[in-house]
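Worksheet: one structure, shown below.
Letters A, B, C and D mark the chains in the order given here, with residues in each chain numbered from 1 onward.
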Amino acid sequence: MCGIAGVWNVKDAFSVLHDVLLGLQHRGQESVGVVVDGFKTIKGKGLVDTVLTEDRWEDAEKGIGHVRYSTAGSLEDIQPIVAFTRKGRLAIAHNGNIPNGEKWIEMLKEKGAVFQSSLDSEVFLHLISMSEGDLKESIVKALKKVPLAYSLLILHEEFLAAARDPYGVRPLFYGKYGDGIVVASEDAALKAIGVEDIEEVPSGTVVFFSNKGTETVRFSKKEKRFCSFEFIYFARPDSHFLDQSVHIARYRMGEELYRENPIEADVVVPVLDSGLSGAMGFSSASGIPLDIGLMRNRYVGRSFIMPVDREKIVKKKLVPIEDVVSGKRVVVIDDSIVRGTTMGIIVKILREAGAKEVHVGIHSPPVRFPCFYGIDTARKKELVAGERAVEEVKKIVNADSLFYLSLEGLKRAIGRSELCVACFSGEYLHE
Amino acid sequence: MCGIAGVWNVKDAFSVLHDVLLGLQHRGQESVGVVVDGFKTIKGKGLVDTVLTEDRWEDAEKGIGHVRYSTAGSLEDIQPIVAFTRKGRLAIAHNGNIPNGEKWIEMLKEKGAVFQSSLDSEVFLHLISMSEGDLKESIVKALKKVPLAYSLLILHEEFLAAARDPYGVRPLFYGKYGDGIVVASEDAALKAIGVEDIEEVPSGTVVFFSNKGTETVRFSKKEKRFCSFEFIYFARPDSHFLDQSVHIARYRMGEELYRENPIEADVVVPVLDSGLSGAMGFSSASGIPLDIGLMRNRYVGRSFIMPVDREKIVKKKLVPIEDVVSGKRVVVIDDSIVRGTTMGIIVKILREAGAKEVHVGIHSPPVRFPCFYGIDTARKKELVAGERAVEEVKKIVNADSLFYLSLEGLKRAIGRSELCVACFSGEYLHE
Amino acid sequence: MCGIAGVWNVKDAFSVLHDVLLGLQHRGQESVGVVVDGFKTIKGKGLVDTVLTEDRWEDAEKGIGHVRYSTAGSLEDIQPIVAFTRKGRLAIAHNGNIPNGEKWIEMLKEKGAVFQSSLDSEVFLHLISMSEGDLKESIVKALKKVPLAYSLLILHEEFLAAARDPYGVRPLFYGKYGDGIVVASEDAALKAIGVEDIEEVPSGTVVFFSNKGTETVRFSKKEKRFCSFEFIYFARPDSHFLDQSVHIARYRMGEELYRENPIEADVVVPVLDSGLSGAMGFSSASGIPLDIGLMRNRYVGRSFIMPVDREKIVKKKLVPIEDVVSGKRVVVIDDSIVRGTTMGIIVKILREAGAKEVHVGIHSPPVRFPCFYGIDTARKKELVAGERAVEEVKKIVNADSLFYLSLEGLKRAIGRSELCVACFSGEYLHE
Amino acid sequence: MCGIAGVWNVKDAFSVLHDVLLGLQHRGQESVGVVVDGFKTIKGKGLVDTVLTEDRWEDAEKGIGHVRYSTAGSLEDIQPIVAFTRKGRLAIAHNGNIPNGEKWIEMLKEKGAVFQSSLDSEVFLHLISMSEGDLKESIVKALKKVPLAYSLLILHEEFLAAARDPYGVRPLFYGKYGDGIVVASEDAALKAIGVEDIEEVPSGTVVFFSNKGTETVRFSKKEKRFCSFEFIYFARPDSHFLDQSVHIARYRMGEELYRENPIEADVVVPVLDSGLSGAMGFSSASGIPLDIGLMRNRYVGRSFIMPVDREKIVKKKLVPIEDVVSGKRVVVIDDSIVRGTTMGIIVKILREAGAKEVHVGIHSPPVRFPCFYGIDTARKKELVAGERAVEEVKKIVNADSLFYLSLEGLKRAIGRSELCVACFSGEYLHE
C-alpha cells in the first residue's frame, strides 16, 4: 500500500511533489521520500508535512516521490531508490508487489547483483542495468519480464518514465500542468492541484515524458484486472477508476448490501471514515436513519504513548455518542473486515454505550485469500474469514448479526467487470 | 480558544496528560505545554504528538497542560505559565479571555509587577502573589476580583486547583481516575481514557484537589451563562454541557433550521466535519438525502508550502465529488459563517463541479458581535454579518439562497436557557 | 561563570552577537541565549554553534546575549531574561553572583513580586520595576542597591545599558563597530571581530548606548577589586584586564612559581590548555624542557555515553605520551586545584605511563574559600585545600611534591594591586 | 581522510564504537556512520557526539563505524555502506582511495552492477559479490584485485574482517577488549578506552574475527610503504606507527628543521595545534624560546554564519597575543603548506600584531604532487609549491624567510624507511 507521484518540466517541482503526495497521503502514512533534479533526496519516517519541511530546492523542475504504508523496514527501505548504473543515474518509485519477489531477488543476486535494500522494487533496477540496449529499451525489456504488480515511476536526467503492469492492477494517472506533466496514483490528487487533461496510464504500457515530448510504448496486451479493493477501501472517495466514481461505487455497495440483506433497525452507524459512503447508501436504501454513533478523534495517531492494549487505542479513536445509540437497534456499516479485532471492539463499545442490538454490515465479500499484489501483505495471516463461516465470524465479533455483500453484488455496485477479486475468490492473476 | 487539563495523584501523569490533551486537541492546534511534578516543563508549537515526544518523566504524579489555538504570540506565550512567588512555586493554565485584559495588566504593572508574557492569564498570578493570606485564600481573593471569562487550573506542590468564573462561560470537568483526579475542558476527553464519576466544576467555584482530599469553595453566586458557541461549533460532538449532548444539539439545530426554512433541493451536503451533525438533522427533517458532495482531505494542514492564495488552500482541503453534485440543487450546511471567505469559495467549488443551484444553510444565527470571552478574538474585525443584512451576505458568498437559524431556534435546539449568546445579540456579560 | 555580549545599531546584529558569543564560549558551554530587536529570543542548552543555528533575523540591529557555565537549572534559567514592566519591555544578561541572593529574592517576593526564574539576576528587573522615576533613573537606583557582583546588560527598545558593580569584580568592555557599539565580557572577543577603540566599562558605572549617543553615569566610587581568578584561569590568554595581558601574567606566574620553588626535574608537562602559559614560564625560568606529556583529545566532551566513572572520562580526555614521560622526573603545571580529583587522576596517568617522579606545580595559591561573586558556586564545598595543609593535599593527589605560588608571588606576576583575592585570603568584599 | 573502527563480541558495542570514533574524530569531522548487529544503521553529518546521540542499541555486540573528512557528497555517500548480496548482508567501512577508482567503477557497471553511492569504496562490495567461492574466499579474491590504498572493515553476521592493502599505506590496529576485539585506524584510540595487546594489521593481510577465533590471511607480499603524512600531520601525536611515536617524530622534525636551517630569532611561535610538537623541537634545538604568539579559539568551527571571506575566518580562529610578538623576530612553525592561503594570512596577522620579522619554518618538504591514496584529494589542484620554487612561495606568503625540511631530514626524523613519500617526490606506488 503506497502512493507514487512524479513531475516533469514543472516550476517549483518540490512544492508540487509535496502537494501531490499530500493528496496521496491516505495511501501511506509511515514514510515519505522524494528525489528531484540532480538526484537530491529527502527521506524520512512520518507524514508528508513532517518529512518534507526542510531543504527545499526551489529550482527543481522534475522529480518523483513515494508515500509508504508498511510499518516494517528501516531507512534504506524508504523509496524512491536511487542508483548509479552504466545506463546513468536512476531513481525509482514503485506501488505494488511482485509475487514471489524473493525468488527474483535471489536470482539476481546469483548473478552478482548487490542490493541496497530489501525491497522487491529494486528488482527493476537490476533488470534494467543488466539488459542490453539503451536505457529506454532496457526499461521496456525489464518491464516485460516482471508479470505484476506495479505502477512504477523511473526518473532519469533526460526523462520520467511512468509504467503500469500488464493487468493494470494498481492505478496510475497523468495530466498537464503548465508546460509540464504531473503523474500520480489517483486522479483526485491531480485534480486537487489543478492538473488538466487527466488520463490513465494504460495497463501494459510505459510512457516516457521528456523535453522532446511524450513517447508511449505498449509492451503487453493482457486483459485489464484492476484491484477491487481500491474501490472498496483504499482510494479517496473523490477518485475515479475505470471512469467510475469511488464514492458512488461505495454508496451503491451500501445500497446493494441492504437489498441483499434487508434488516430492521433504528439507526445506521458508519465506521468513520471508511464506512461513511457505504452507510449512506445503506441508509438511503433501507430508510433507516443515518447517525454518528461513533465519533472519530482525528488527532489520535501513532503516538509514542500508545498503549499496547489494542482496545484502549480503538477506544480513544472511536468514541460512542451514547445519546445516539443507547436503547437502539444499531447497524454498523464498514467497508471490510480483515482480522476482526477492531470490529469486535467496536461492537463492544456500542454495547457498553447502551445499544440494544448491534448488527454488522460489510459492503464487500469476506476476505478469504491474501493479496500478493500490494494490499498490505501483513494481512496474509490471520484473516478472520480465511477459513471460517460467516456465522463463526459473527460470534467472534459478538454481533447480533453479521452480513456481507456478495461478489456479484460488489460487481453490480462497481458496474465494471475488469476487476481483480483474488482476495475474495482466490483466483489469482499469477501462477 | 484553548483546552486545559490537569491530573493529581495519578500514576504516569505525563502520559495521562498527553492522552487528555489529545482528546482536547480540537480546541487548539498551535501550541502545547505541560508542567508536571517539580515544575518540569515542555512547551512547543505544534500538535500534542509533535511536542510531547521527548523528556518523558515516568515518575510524575501530577501536572497541568494546555493546548492553544492562537497563531499569534511567541514561545513565552505558550501556557502553562510557571512562576516563583512568596506563596510558593505555581503553574497556571487558562482557557478564556479577560475583557479589558490590558487594563488589568497595566494596573498591576503600575504596582511594580514584572510580567513574563503578554497573556492576560498572567493577571491571576500577580493578583495571587499580591494578596494577603495563605495561598488558597489568595487564590479565592484573586478569582473574586476577575469577573470573567476563565476556566483555570493552578498547580502547586500541595494541590491542584480547578476554577471556573462566576458565569461558567468556559467549560471544565473532573472525575476519578484510579486513586486520583483528572480535570479537562470537556467530559469526552475524560471518558475516552476511562475517567469515572465525571462532574462539572460549578460556575463561580474553585475546587482544590490535594492528598488530604477535595475542598470546594464557591466564591460567587451569579447565574450561569455558558457559551453557546461551544454547542454550535467548538466542542467535540460527543461532549455534554448542561447535561445536553453536543451532537444531539447540533442535529436539532439542523432540524430547526429546516423547520424555519423549508426549501426544495436534491441533496444536502455537509461542510465536513463541523457541519455534519447539523446536516444530518436537516436531511432527516426535510427528507432531502444527505451525501458527501465535498470530501475533506484530512492531511492538508498548516504546510510550509501552503500558498497564500486562500482559494487554493480551501480547494486542496475540500474537494467536490462531482458525481454527487453535478446537475443538482445543493443545500450546503455549516455551523456558522464568520468572515464569509471560506463559504464563498465553497459555493464556487460546488458551482464549478456542476451544481445547478447552491443554497447555504447555517445552523446558528448570524455572528454580529465580537466575543471577548475566549472565542478567537481575531474574529473581532471583518465579521461578514457584522453590519450587513442576510441578503447582502448571500450576495457576497454568491449563494442562490442563504438562511440562518433564529436565536429562538438555537435555544430550542439546545434546550437550555443558561447560555451566553452575546456574539449574536450583543448582550455582553461584562460592563 | 558566564559571558555576556551586546550590540547597538549594528548591521546583522544576530550574526555579530553569534560571533562575539563564540569568542566568549570558554566562559560558558552549557547554554546560550540571545534577544534581539522586538525581543525575539532564542535559548537552548549547548554550544553557540549548536543553539544559534536557526531563526536568523537578518534585520536585527540590536540585542544582547549570554553564555552560561552552570550545569544546574532548567530552560527558564537560561539568560537573557525578558520581562514586561510598566517602564517597558526589558531583557537582561548578567555575569556575576549576588551574595545572599536568596535574601534579595525573598524580600522582593514579600512585596508581591512574581519571579519567572530562580536566578538572582532577576532581582535587578524587580528593583527597576518597583523604583520611581523614568527607566534610566530606575536602573541607576536599582544598581545602587545591589553591592556586587555584576556585569550587566539591559536591552530596551531605546537603549542598551552596560553596567558594572562598584568593585568591578567581573569584566566588561565595549568599542566601536561601524556606526554602532559592541559590548563583551572580554576585549579579545571584541578584537577578534574587528571592534575598535576598545574601553573598559569603569567600575560603579552604567553606560547607556542609544541613537542619541552615549551617556555615562557613575553611581559608586568604591575602589576597584577585579577578580584575580580571571587572570589565573577563566579568561582567554589573549585578553587584557587592568591593561595587563592575561597570557603574560600567567607566564610570569609560572616564572614566579619556579623562583619560589626551585626543583630538579627532566621535563615540564602542562595540563592543557589551562596550564600551558604558566608551564612555558616555568620552563623558561628553570631551564627544564617543556614537552607534551599529556595530549588533550579535544573532541571528548559532554557525551551522553560518558561513563559516570570520572577516571575513565579524564583518561579519554588527557592521554599520556609515554615516549615523553617514561623514566622521567616530571613536573606537571596547572593553574589551580579545586577539588583535587582531576589532579589525582593526572598523577596516576603519568605514573602508569612510566614517569619516575611526578611533581605538581600550581601557579596560584591554594583555594581555601568559596567565591560568592560568580566563579562556579558549586565549588563552595569540597575545596581540597579548604581545611587541609599543602602536605595533606600532596598525599591526596599522590604527588612526589606539590607546590603552590604565594599570594605575593601572584600579585607580583599580575603586576596590579586592585584585585579581589577572597578565594585565597577569605577577605570578602561584602559583609 | 577518514577513520574507521570495528568491534566484535564486545558488550555495549554501540558505546564502544562511539568512544573509539571519538578517539578518531581528528581524522574526519564531516560525517559519521555506524552499523551494528542486525545491520541497524545511524548516519549523519557532523561530529560523533552530534550524530550518535539517539537510537542506542544497548544489546549490540558487534559493529563497524566510520568518520569522514570530505565535505563533498550527500547522505548516500556516508559510510559504512550496507548491501544485500548472495553471500549475505555486508557492511563496509573504508579508509583510503583507489587510484583510478572511476575506471574500476565503470568496469563493474559494464558488468551490470548497480551502485548505491558514488564512492570507490563500493568497488569492494561488487568484487566480492561477483567472485566465486564462499564469502571469505570472495573477500580475499577481491582484495587481491585492488592494488591500493585501503584499510578496510567488513561486517558480516558471522565475522568482522579487517584488511590492509599490500603496501599498508593507511594504518589499522586491533587489540583485546574483554573477551572481544576492537579495531581502529590508530592505536591511541584503542589505548584511550583500555584495549590491550594492540597489534598492527600487517600490510597485504586480512584478519577475520569470529566466534570461532581469529583467522589471518596474507594475500600479498609487497614491501611496506606507510604514509609519511600521517606522521607529519594527520595522526594524533600520541599514536605510533612502525613502532615510532608520532609526537617524537614531529619533535625531531622540528629539531632537524633547525639543524638544516639555523636562523636567528626572538621567539618560536607554533601554529596550534598541528605545529606544536615540531615547534618544541625547533625551540629546543635552537634555544630560541617557544611562546604562544597565536592563540587558537577552539570554538570557532563550521558555523553557519562563517563569512566567505577566508581571512575573517582565520582571524577568528587564530588570534595574536601582541605582548608576545610585538617588536620581535618571530619564527612560525607549521607542519606543512598546502595551498598557502592560511599561511599568508598568519604572516599578515603577525605583522599586524607588531612582529618585526616573520620567518616561516615547515617541518616537512614542499608538497609538490597530489596524493591518490587517501589524503584529501581536493588538494590535487592549487598546491602552492606544485610548480613553484621555495623563493616564490616565500613571496606569496609574504614571509621574511621560508624554509622547509629536506626529504632526507624527514626520514631521519621519523627513523624509518618503509614510507610513502609520493606527495613530495612524485614516486607513486601505482602505475
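General observations
The rule is short, and it goes like this: a contact is a pair of C-beta atoms (placed from the backbone, for glycine too) under 8 Å apart; a residue touches a chain by one contact, two chains touch by 3 or more.
Given the structure is predicted, the values throughout are model-derived calculations rather than measurements.
Ranking all chains by how far their C-alpha centres lie from the centre of chain A, first place goes to C. Mean C-alpha position of chain A lies 61 Å from that of chain C.
Centroid to centroid, with C-alpha atoms defining each point, chain C and chain D lie 35 Å apart. Taking the mean of the C-alpha atoms as each chain's centre, chain A and chain D sit 50 Å apart. Contact with two or more other chains is made by no residue of chain B.
Under the contact rule stated at the top, the pairs of chains that touch are A-B, A-D, B-C, C-D. Of all the residues in chain A, the ones that touch chain B in their complex are 15, 18-19, 22-23, 25-26, 47-50, 52-53, 56, 188, 191-193, 236-238, 245, 247-248, 251, 273, 276-277, 280, 284, 289-292, 295, 297-305, 315-316, 319-324.
By the touch criterion stated above, chain C contacts chain B in their complex at residues 40-41, 74-76, 82-86, 105-106, 109-118, 122, 125-126, 129-130.
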